[in-house]
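I've put the structures underneath this note.
Two complexes come next, and they have one chain in common, chain A, joined by chain B in the first and chain C in the second.
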Partner chain A sequence: MTPEVTNPVLELKKLTVHYGHKRVVDDVSLTLAPGQTLGLAGESGSGKSTVAMSVLRLLPRTARVDGEILLDGHDVQTMSWGTLRAVRWASASIVFQGAMHSLNPVRRVGDQIAEPMRLHGTPGRVTELLEQVELPLEKARAYPHELSGGQRQRVMIAMALACGPRLVIADEPTTALDVVVQAQVLTVMKRLVAEQDLGLLMISHDLSVLAETCDDLAVMHRGALVERGCTREVIANPRHPHTAALTAAFPVIGDPAHRWAEPAAAPEPLLEVRDLVVDYGRTRAVDGVDLTIGQGEIVALVGQSGSGKTTLARTIMGLRKPSSGRVIFDGAAVPLKGRALKAFRRQVQLVLQDPASALNPRHKVLDAVAEGLRVHRIPGDEESLVTAAVERAELRPANLYLDSLPHELSGGQQQRVVIAGALVLQPRLLVADEPVASLDASVRGEIVALLLRLRRELGLASLIITHDLGLAWQIADRVAVMHQGKIVEQGSVEQVLLNPSHDYTRALLRAVPQV
Partner chain B sequence: MNRLTGFSRAGMAGAAILVVAALVALIAPLLISADALDVTRVTAAPWQTPGAQHWLGTDHTGRSVALLVVQGAGTSLFVGLTAAVLSVGIGTLVGIVSGHFGGLVAGALLRVTDFFLVLPALVLAIALSTVLPRGLGTIVLAIGLTSWPSTARMVRAQTLTIEARPFVERARALGGGHGHVIGRHVLPSVVPLVLVNTTLAVASSIVAESTLAFLGLGDPTRISWGAMLHQAQLHGAVPQRAWWFLLPPGLAIVVVVLAFTLVGRALEAVVTPKR
Partner chain C sequence: MRLAGRLGGAAVSLVMVAVLGFFLFRVVPGDPVVSMTRGRPTTAAMQAELRAQFGLDRPLHEQFWSYFTSLLRGDLGTSFTFRRPVAEVIAERLGPTLLLVGTATVIAVGLGLWLGVRAAWRRDSAFDRATTGVSLTLWAVPTFWLGMLLMMVTGDLFPSRGMRDTDTAPDFVSQALDVGHHLVLPSITLVAVVCAEYVLVMRSSLLEEMHAPYLVTARAKGLRDDLVRRRHAVPNAVLPAITLVFLRFGLVVAGAITTETVFSWPGLGLLFYDALTGPDYFLLQGLLVVTAGAVVVMNLLADLLHGVLDPRVKVV
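Right after this comes the complex of A and B.
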């Protein structure tokens, strides 16, 4: 299926990269022609970013690179410093992952877009570039913090295009963005690649994003290229088991095979939110929300970033005071302070998005899990309670993990520790804020299955906050869609996701990348 | 590994100097007889140049400068350490309280901090030591009460950084109160910084003590390096060209302060996570 490669922009021949004795990229060969789009998929640690950085020789000094990296037919490895400087950005440029961290916060974005043009003496106008990425011209005078996440990512793309490169490398360009903005950014990238006959190498852990943008797909696993071919074929008939695992991890909305939650009878209400309003100064973050979570029910709260869903969750947990309205838990209003609030918090536990930062890096697993027990002075043998909770969270055998520090564990294991820390208090409701967003595809499925098993075995109700409609389809009984502080639609998963009645829900569903 | 070797060069040298200084300060009072330091009982002639009998010569009353320097180490180190602990203690308390509680409490505490920060510490210390009865305690108090604001600012910044981390939110969601969050999460991450700050504060406290003593505001009954310089200045060591009376206490201050700074910097490099 690969088109006739006559003059490739990028050609990797047997690229191998070592850090010390560790081989992070293992014998990777790739070619990319102008106008071709290639997606590079893989989990964290698969070496995909190392491949990208090696193209512009941006790897740290400790890396040992073997093999050839041919950019427009010239080997990057043997280039002199001056040639390399000329090649960087002028013939290949990179769109980095975190736009907030890659932009200088104290300079106007217009100046930052102009910077590579000035350095390379390329003619061109910032206004043209802004037009290409569909940003209003007056945004050139804005500082990064004045722009939204999607706008910042567009600035990054404009910057990458500034010197008219033949190759653009995009490293997880949409990871931090929500579905609607992600769809807009991907559309811009696709159009620019088609218009300017660029080669695009796009790196992501999210197959659906790559499927949306790229004609060809390469899958990396433990440093090696395990599969390469036309995107549709690779996803439809994966030949390597790792590719199959990656494709299976992203649920398809509407596919019964990806619907893991089993249907349950309408339960007794456990938590009721009545006409809740939360103000931040003058802005109204939550605007008159009614929401009910039944005993043992899993409710997904979906919406874009900034829709107020996180504020709603914090208020339910009593971490923030409502401006008006009520939260009723198990028939009684949630207390606002003192011992009663502390007792309430035992019943409702929080699981945060990024497990790495939700655990104190100085605390061992034992201490992190036992923290709740110590706060509530729960009698009993601490170690056996902790062991039971850790094993419930499927870290077996527990004694292998109790003495580890968080950084010694993988992302999935860290999230299990956070869940164990919640389980040890025997809560009745789990509030999970994007519980799988920062996890690798293969781990993601395991954590989702764990949450469902906890519901089945312990009758644990959950409120899952997410921008990922696929996750809602996979796990939830009911879905509530939040938009600008209001819940615009709620109902059973099938009803809301397959037969939406509100325009905003339809817009959200349209933005989900299709595999 | 790298951090240890980084520490071992300058830091170890500083630590070695401090150990020697501390030993001298502890042992000296036991070995030196009171007679040798009593102005009324010394027998040697004043203003003697350094020689075999008096290694560093004698002062205006005939006391041995070498013995005075050794005897003065105790006072300088004691005042330096206690004043530093006092100032870092106040600073840590104010920093954590204002960082953790926020709101009105923080506002009030920060204004007080700013007040002490803009006031010239030396002038305030002089004012305090003239008002209060003379003595070692007064000097410690004067230095301790004037040098805490920078610690408070730093500890507050660190407290705010830690409190913004998700694991503090998790601790709150688990039901942890103020005591739990401060004790289990904020303090452990502030302590290393405070430790480093203490070593650096000792150095500046020793300088402050010497300054006060040099200006004649010290405890007149005790020998300290600053007080020696004060005496030298008062009794005309400069017109006498008695360099042996001026240089030794001055060098002693420089060496000990340098040693504390070296140790502090080395500790700082160990404590600060490298990325």
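Right after this comes the complex of A and C.
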């Protein structure tokens, strides 16, 4: 099907990578022609990033690499260090994930973009590169922390293009960005790849992002390449069960099969937010918000980073004092201090985005879950309460997990521990800040199902904060759209996501990459 | 605003030092007049006269007030033992101390940071093991013992007492050579003892940066290993070490009591030792104010410099 490429930019022949006895990449063969865009999909641990790093021989010394890696026809494996250094960035460059950490924090971004040009003697100017990625020229003098996530990613792209490579490898280039910024960054990348006739190898766990950007798609599973073909065909007719699972895991807005929340009768209000205003110094983060969450209702609060949704959630939880307005929980105003506040907090529990950082790495599961019980001095047998909560979060049997440390668990299991820590206090409202954003596609579905089951069995209401409209479609009863501190639109999921009335909601929906 | 805050904080610390300096030596047991006149027959009248002369007969709050106001004028009182103004005595000893401890600190910082970087970059190599092992051993060794050992081992190669010989020609070159000659043993002792601190701080701080993703970026760009280290890793890793270095520069003024005593180096450290054996309250008080003040000022400088070196810290 793929035409025989005479002069590929990149050719992997039977690439196999071992760490000790562990085989992380298993007999992968790939070719990429100039101007071709190839998406490499897979979950965490599938070996896709290892493939990316092996192209420029950036793997740690403990890795054992077999097979051939031909970059422009030359085997990277057999190059001398000098040749390899000359090839790095000049023939192939990488847009790394997490530009915050992949840029040197104490050097100006302009210097960092110029560094490979000076090193490889490439003519050109930093200003031209910044123009190409649509960044204001004065940003060259900025330090990474002074830029937004999208701007940093643009800097990474400008840097990757600095030496005019024939191949760009993009490793999860938009993972930490919200939908609107993600769409902007992807547009810039697509345009530059087309203009400069580059080969693009883009790595992501998000099939919809790859579908948006790449003509061809390859899927990796447990180190092996399980499927390769034209993007449309692979997604429409997946031949490997893992590809099918990946495509099914991403919700399609408007598809009833992806709408998992069952319709509920209009509930009694549990939490009411009335004309809430929160100021940070002179900036108004939350600007006159009205929001109601019913008993057992799941409300999705959607918006871009910086829209004020996290501040709103913190204020609802009593972690921040409102500048004006009121938060009413179960008919009474939320107390601002003392024992009453503590009692209120027991009823409203928080689930954070990244379970790996939410859990103390030195606390066993038992202690992590029991902490709330100890803080609130809840009587009863600690171990049996913890066991019940852990099993509610579907870690069964609980005694297998109680003595584990977080790093011994998978991402999905860690998130279940965080949820168990909330459940043990028998809360009535769960505030979940991007609860599935850091999880793999397959695990994501399980956590969504768990949240819905908790609502069904315990009548637990949730406020889900997310920039992922697909998640809102999957799980929520109602959606509130937040923009610049204001709720610009709210209503039932069908109404807001299928017939949006506000321009901003429409813009958000347009930005969602479609499979 | 932040700068004003830092300056204010430093000013408060300095006042605290002054207050502490006064009361600390008032609660120490012993009568200064008795110790002043030890070994000499004195009458009660003479003692009373001495008391009046040093203002010791006045109520505590009056003593404090006159101490504090004269401190603001730079007057640290008069030493019992030297019978001269404390400020003058300290100023005289400041030069030799700055020379000895300053030289040793600069060498120790340079050597320590360099060794620390090399050790971390080749972690668990023979070089790393040797560096960490030797510097830790030297750190654990008592200073006076090391000093005396050096004296014995080097024999007559280097002078081991004082700062200059009495019979040296008075011209500048011979004087400088003589002082340099005297400086060798005490500074080697000091460097050996304090170097480990810099080695270990630099090493652990660089080890933390070794897995930073921006180093992978730098390598992917095609930078040589030593450029990755010099341009990217070290500028980040050196930041925590800066604070330590400046705190240490503050302590330079305090001198090195044991080293100066062992080698009879006429600096502040030896002066401290002499003042304690007195005890000479006004001198101790003055030394405390001067040395603690130096630490406060250097700490302030470290804060400010950190802001210059690390763009993420906004000082001004």
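Keep this in mind: the second predicted complex is superposed on the first by the 512 of 515 C-alpha atoms of A that agree within 3 Å, B and C clash if a C-alpha of one lies under 4 Å from a C-alpha of the other, contacts with A are read in each partner's own complex, and residues count from 1 in each chain.
Methods note: a contact is a pair of C-beta atoms (placed from the backbone, for glycine too) under 8 Å apart; a residue touches a chain by one contact, two chains touch by 3 or more.
Computed from a predicted structure; not experimentally measured.
Visitor: With chain A superposed, do chain B and chain C clash or fit?
Guide: Clash - chain B and chain C, as placed by superposing on chain A, overlap.
Visitor: So, does A:Leu119 touch the first partner chain B, the second partner chain C, both, or neither?
Guide: second
Visitor: A:Leu161 in the overlay: touching chain B, chain C, both, or neither? Say first, second, both or neither.
Guide: The answer is neither, since A:Leu161 touches no partner chain.
Visitor: Which partner chains sit in contact with A:Gln349 here, chain B, chain C, both or neither? Use first/second/both/neither.
Guide: The answer is first: A:Gln349 touches chain B but not chain C.
Visitor: Between chain B (first) and chain C (second), which, if any, makes contact with A:Ala52: first, second, both or neither?
Guide: neither
Visitor: For A:Gly372, decide between first (touching chain B), second (touching chain C), both and neither.
Guide: first
Visitor: A:Arg88 contacts which: chain B (first), chain C (second), both, neither?
Guide: In the superposition, A:Arg88 contacts chain C only.
Visitor: Go through the superposed model and pick first if A:Ala176 touches only chain B, second if only chain C, both, or neither.
Guide: After superposing on A, A:Ala176 lies clear of both chain B and chain C.
Visitor: What is the contact status of A:Asn104 with respect to chain B (first) and chain C (second): first, second, both, or neither?
Guide: second
Visitor: In their complex, what parts of chain C are in touch with chain A?
Guide: Touching chain A: residues 212-214, 216-224, 231-232, 235-236, 239, 309-312 of chain C.
Visitor: Which stretch or stretches of chain B touch chain A in the complex?
Guide: 165-167, 169-177, 180, 184-185, 188-189
Visitor: Under the definition above, what is the set of chain A residues touching chain C in their complex?
Guide: Touching chain C: residues 53, 56, 58, 84-90, 93-94, 96, 98, 101-107, 115-116, 119-120, 143, 145-146, 159 of chain A.
Visitor: Across the complex, what residues on chain A touch chain B?
Guide: Going through chain A, the ones touching chain B are 317, 319, 342-343, 345-346, 348-350, 352-354, 357-360, 362, 371-372, 374-376, 418, 421, 425.
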